[in-house]
Amino acid sequence: MTKDGTKKALGKSPAVIPAKAKMRITAIFLVVLGFYVLSSYKTEASLMEFIDGFENMGTLFQKFFPPNLGLFKAIWPALAETIQMAVIATTIAAILCVPLSLLAANNVTTNKYLYNFVRFVLNILRTIPDLVLAVIFVALFGIGALPGIIALIIFSLGILAKLISETVESIDMNPLEAMHASGASTIQTIYFSVVPQVLPQFTSFVLYVFEINIRASVVLGLVGAGGIGQILDQQIKFYKYPNAMGIIIIIFALVVIIEYISTKIREAIV
Amino acid sequence: MIEFKNVSLTYPNGTKGLKKVNLTINEGEFVVIVGLSGAGKSTLIRSINRLVKPTEGELKVDNENILTFNGRQLRTLRTKIGMIFQNYNLVKRSNVFKNVLAGRLGHTSTLPSLFNMFSNEDRALAYESLKRVNIEEKIYNRADELSGGQQQRVSIARVLTQKPKYILADEPVASLDPPTSHQVMTYLRKINQEDKITTIVNLHFIDMAMEYADRIIGMRAGEVVFDGPASEVTEKTFEEIYGRTIREDDLRGGQEA
Amino acid sequence: MIEFKNVSLTYPNGTKGLKKVNLTINEGEFVVIVGLSGAGKSTLIRSINRLVKPTEGELKVDNENILTFNGRQLRTLRTKIGMIFQNYNLVKRSNVFKNVLAGRLGHTSTLPSLFNMFSNEDRALAYESLKRVNIEEKIYNRADELSGGQQQRVSIARVLTQKPKYILADEPVASLDPPTSHQVMTYLRKINQEDKITTIVNLHFIDMAMEYADRIIGMRAGEVVFDGPASEVTEKTFEEIYGRTIREDDLRGGQEA
Amino acid sequence: ACGTSDEGGTATEGNNNEETPAETPAEKPEKIVMGFVPSQDSDTIADTVEPLANKLGEALGIEVEGKVMTDYSALVEAMGANEVQIGFIPGFAYVLANEQYDVEVILKSMRYGSGTYKAQYVVRADSDIKTLADLEGKIWAYPDAASTSGFLFPAAQLMGEFDLESAEALQTEFFAEGIAAGGHDSAAIAVYEGDADVATTFDDVRTTLEEDYPDIMEKLTILGHTEDIPNDTISVVSELDDELVTQIKEAFMAFNDDEEMIKIMNDVYNWDAISEAEDAEYDVVRDTYDKLRDSISLD
Amino acid sequence: MSLVLPPKPKRSLFKQVRNIVIAIAIIALYVWTFTGIDIDFARAFDRMMNNFSRIIPKLFDPNWEALPKVWDAMVETLYIAFAGSLLAAIFSIPLGFLAAQNMTKNRVLTTIGKWILSAIRAFPDIILAILFIVVVGPKPFAGVLAIAIGSIGMLGKLYSEVLESLDTNIIEAMEANGANKLQILAHGIIPQITPEFLSYAIYRFEIDVRASTILGIVGAGGIGTLIVFAKMNRNWEEMGLILVVIIVVVTIIDFISTQIRKRLV
């Protein structure tokens, strides 16, 4: 009887996650872990060395202090150029991404071929490293801010269009239906029901990309595309670490300010 | 006048939404369609302004077969049919007035509307409509600041602004509590009577249907199983529409609604 | 036994959710609370398991004043009170079984539960509960694959798994259509009778309340305005609860529900 | 800032790994890491040093690992932390490394039979710039301010010649504008395209551009050269004991007699020999840097 | 007929002033930007037409001979980026929780969390590389660490945003059950956030694969080094090949990760 009872009880108490799903999750977990172990081996990871060497980092890090904040005036022109490049690039990318992200959202663009084509192009755009873009455009346009701006535009366009098309895909479709039902044209429908819904996200993504663009100019500086990056690189090469730290702190301040503006704008329009 | 002649609709996945529906809805009528979830009420109503396209038969609105309509014709058709939805379908983040003005989009050319340039007539009309549903003081509130009943009134105002010949309402009160539901139904009825707008409403509740309708159409599994004035509704009608008496159905817990 | 003694609740923004409520709910009762939106039904119910904390008075559950409870005591209190929500509040991406087992969390030690290690008894109990609401065949479906009615049944199963002494249900059927609503109410009633679990349900619909309740409590603006068996409900009760007779209210469109 | 290298020597002791006091030479390390930063001053850039490292390892009987890095500050820091023991670093980087971490030069590379190279002033053939003095008021393109041949030497030369206080003054008072072009090639192209009037680059950057710009040899001419700049160094960290350093030196020198190695070095780095070097040879770089040192800081 | 127009919206003076200030600020920013930056478009265009044939055709004529070399670098990059972004994906979790307002109720802590993340993001790759090279030497591991830190700045920020948009009803339901905080985390929060966290981690992995210039600095080889060298040598054919390899590899990663996500979510 007891035997019977237990059997019954067990039969009645199914596993929390079905065996098949469990196996699948375990398999994926093992693959990820396995690849990590392999990567650790290939990259010569060693916790001991890390702990041993940590002191070195401390010693080096100290050299960055005290940061020289008096350099603000000296670097201002380059910083201004960086900001200006980021402003232009972000603005243009934000404008261009509107049609692109609508075309790359499957709830607005119902034509499968068009949608897939735009997605494909955007994916390729996103794949190209910013450094390569900068190098190619410098080679094409010569040194100066323009190649940097164009590299930033393409770079941010990829990110923005992806993020925004995903937002568009998640909007409430009901108002669109209502507008269609009242005879509004497609453009009217988009303008009156899609735009208000994505506006807050749009702004915060644009500001996020603006921040990325400011930071990306560090890379751009290295290839002659202007901006604060050049100065930073030079300070490091000359061992003016406190100066480098000063620049980093100024970039940090800029990042925090942008983030603050972003929250404020979101609060204002949400 | 709206005429369904042997209208059938099969969804791409094979579900039959409508099965050989024949109906005539006359000018100025207030028709309520009742039926269980999945009976095809929405499909029927949405066929009329071609939000879905019946696959067979003929559907005439004002003596034109709208099943052949395309692009421009469709837009014109839709401007004369107003629609009210269960979830109000307002743009939550826009203010009430903008939402109501959206009802005029079909009558406005695209470019000016993009710059929010509506004519004084349009704006006056929109304001007038808001007043008719007694919600004018919320004109500049954002839609998501309103309660459900208020939102539905805004969506009625939007439809009024459209100056339609027909109003379709797809379960306009399903998300509202009973007093508010009655309020909304009362407004719909009032507009039907004052403006002589032919009105077709979907409802789950047969009791509410009987209170407001000139005529009740019962649907079940894509077919019209009852069609007649509210006064003719009997216990048997209930059975026809709901398959069996309500109580019994419920007690068979296992079944899905 | 649950006793409200002069319980008041003022929200931080100054809104009075409850005003000097006095109530006693006895073991095994099936109580339905009705009232308009904003009447304080949710506030009342959520006070009982301290999801909100009344600011005045005394609230006794099994003769202990729960308003003084903290941390550990609160968790123990909550394990014996099951709760059902309007929006089911299931973890949409987890399967049905995991959702139901979540009902046991309060009875399970933390560490094993983090690794989904539930005892055989717990799993058997959860499965049993699923069967009681006739949904055992969906055990490994993800919660978001289910219809509203099914999700609500899962959330009832979750509460059953908790083996509570009390069940609180906050508008359990507001998102469901009438037949499904009846189904869900029937299950709740069945459980109340079979397991002798004291059950308190919030509803908008007084008619549905009358069908299922032993006792009806009417609320209005944070106050209890009616308390008695379903049989005692009259036209006047309606008026008390809804402020005035329904019809009249509606016609004065301007008023908010 | 640190003064002379002697002072640096005592100062660095505290910086280094405590276990290896300088006096008691430790036994041979298990592995030596050799870092290499290809500078654009050379006209081909290699992305591997493996053959060289292997050969050196054979000769020393210790495992030698070669690493190519793209930034010499990183290499110098790595040498400072004794993570890299042998560094192939340009003259200017060596001077800094010596000052900071007491890194010592042992050898230098020979190119085209010489241990030095020069930087050049590149102008358009059709321009009216005939002497350095004509550069006044023109636009100057240089690769970057840390480039030995592209910036330091020409800047020092011009500052000396025209009696300017600082690099800042050079860029704003003497020249109309200074542009950091990001590379020797970009600087030359800037002149070619007319964005700048003069570029300072290594000698001769035009050869690397001939493929893309076939007429560059005619369009651009060389206005002049700077004084000699010592070639890339092979430097070692102070932690290596003298015996090992001698071995390393000998091993490298032996490559000069090894046909196969010469070929490898030539193919990959354009070197045709390795020769001994002394710290003093880099004084010229040091002096140049001293002239500019302060004008580069930002305060 | 006289038209009854609605009353004009009442806007609070504060908001009006605020909006005007914002508008002026934005206009000023643009005026400053466009007057400050000098770009000769006509000339740039001209230049591009001239240079086009020097570069673009070569990019489309990749130098396949370099494939073994580029491929090796790519594989190396993959290992490093994988290890780095996995570490980042894990260590970003506590930071994400710290910076999320609804998880860390304490405003001071949240702000500290957000600032830490911003500070990390302000650190340029090259400095991270230098810092880690002195820790473990010029080897791929230094690259792994630098990438891990660099990625934490972005992942932590994204994670905290996911957490802030969490459905809190479920948490309430579990609280009502008597579940404790850890249990709510395991059963209520983690299932909700897993898919987003995964997507972001994989997205970051892709970024790390294609933007690994940092690896060149630490002497870890990798595709970034090759980009730098191809640039220095003006070797456009090799640049073309590098691009092809990156595009193909990232596309494959994208495909695999979509499959994995589908299976896990």
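We just call them A, B, C, D and E in the order they show up, numbering each chain from 1.
Throughout what follows, contacts are C-beta pairs under 8 Å (C-beta built on N, C-alpha and C of every residue); 3 or more make two chains touch, one makes a residue touch a chain.
Composition by chain, UniProt nomenclature: A, E = Phosphonate transport system permease protein; B, C = Phosphonate transport system ATP-binding protein.
Nothing here was measured: the structure is a model prediction, and the numbers come from that model.
A.B. asks: Once the contact rule is applied, which chains count as partners of both chain C and chain D?
C.D. replies: The common neighbours are A, E.
A.B. asks: Which other chains touch chain D while also touching chain E?
C.D. replies: Expected: A.
A.B. asks: Using each chain's Cα centroid, which is most distant from the centroid of chain C?
C.D. replies: Relative to chain C, the chain with the farthest C-alpha centre is D.
A.B. asks: So using the touch definition from the top, which pair is joined by more C-beta contacts, A-D or A-C?
C.D. replies: A-D
A.B. asks: What is the distance in Å between the mean C-alpha positions of chain C and chain E?
C.D. replies: So the centre of chain C lies 45 Å away from the centre of chain E.
A.B. asks: With chain centres taken as the means of their Cα atoms, state the distance from chain B to chain D in Å.
C.D. replies: Centre separation, chain B to chain D: 80 Å.
A.B. asks: Using CA atom averages as chain centres, what separation in Å is found between chain A and chain E?
C.D. replies: Chain centres of chain A and chain E, defined by C-alpha means, are spaced 3 Å apart.
A.B. asks: Two or more other chains in contact with one residue: find those residues in chain E.
C.D. replies: 47, 54-55, 126, 130, 134-137, 139, 213, 224, 228, 231, 234
A.B. asks: If a residue has to touch 2 or more other chains to count, which residues of chain D qualify?
C.D. replies: In chain D, the residues touching two or more other chains are 73, 77, 80-81, 83, 183, 193.
A.B. asks: Please list all residues of chain B that touch 2 or more other chains.
C.D. replies: none
A.B. asks: Among all the chains shown, which pairs meet the touch rule set out at the top?
C.D. replies: A-B, A-C, A-D, A-E, B-C, B-E, C-E, D-E
A.B. asks: Give the list of chain E residues in touch with chain C in this complex.
C.D. replies: It is residues 167, 169-170, 172-180, 182-183, 186-188, 191-192, 194-195, 265 of chain E that touch chain C.
A.B. asks: Show which residues of chain B lie in contact with chain C when the two form their complex.
C.D. replies: 36-37, 133-134, 147, 149-150, 153, 174, 176-180, 182-183, 185-187, 204-205, 242, 246-247, 249-251, 253-257
A.B. asks: In their shared complex, at which residues does chain A touch chain E?
C.D. replies: For chain A paired with chain E, touching residues are 24-25, 28, 32, 35-36, 38-40, 42-46, 49-50, 53-54, 56-57, 59-61, 80-81, 83-85, 87-88, 91, 123-124, 126-132, 135-136, 139-142, 144-146, 149, 211, 215, 218-219, 223, 229, 232-233, 236, 244, 248-249, 251-252, 255-256, 259, 268.
A.B. asks: State the interface residues of chain E toward chain B in the complex, per the touch definition above.
C.D. replies: 3-7, 9-10
A.B. asks: Show me the residue ranges of chain E that touch chain A in the complex, using the header's touch definition.
C.D. replies: Interface residues on the chain E side: 18, 22, 29-30, 32-34, 36-39, 41, 44, 47-48, 51-52, 54-56, 59, 76, 79-80, 82-83, 86, 114-115, 118-119, 121-127, 130-132, 134-137, 139-141, 143-145, 206, 210-211, 213, 220, 224, 227-228, 231, 234, 236, 239, 242-243, 246-247, 250-251, 254, 260, 263-264.
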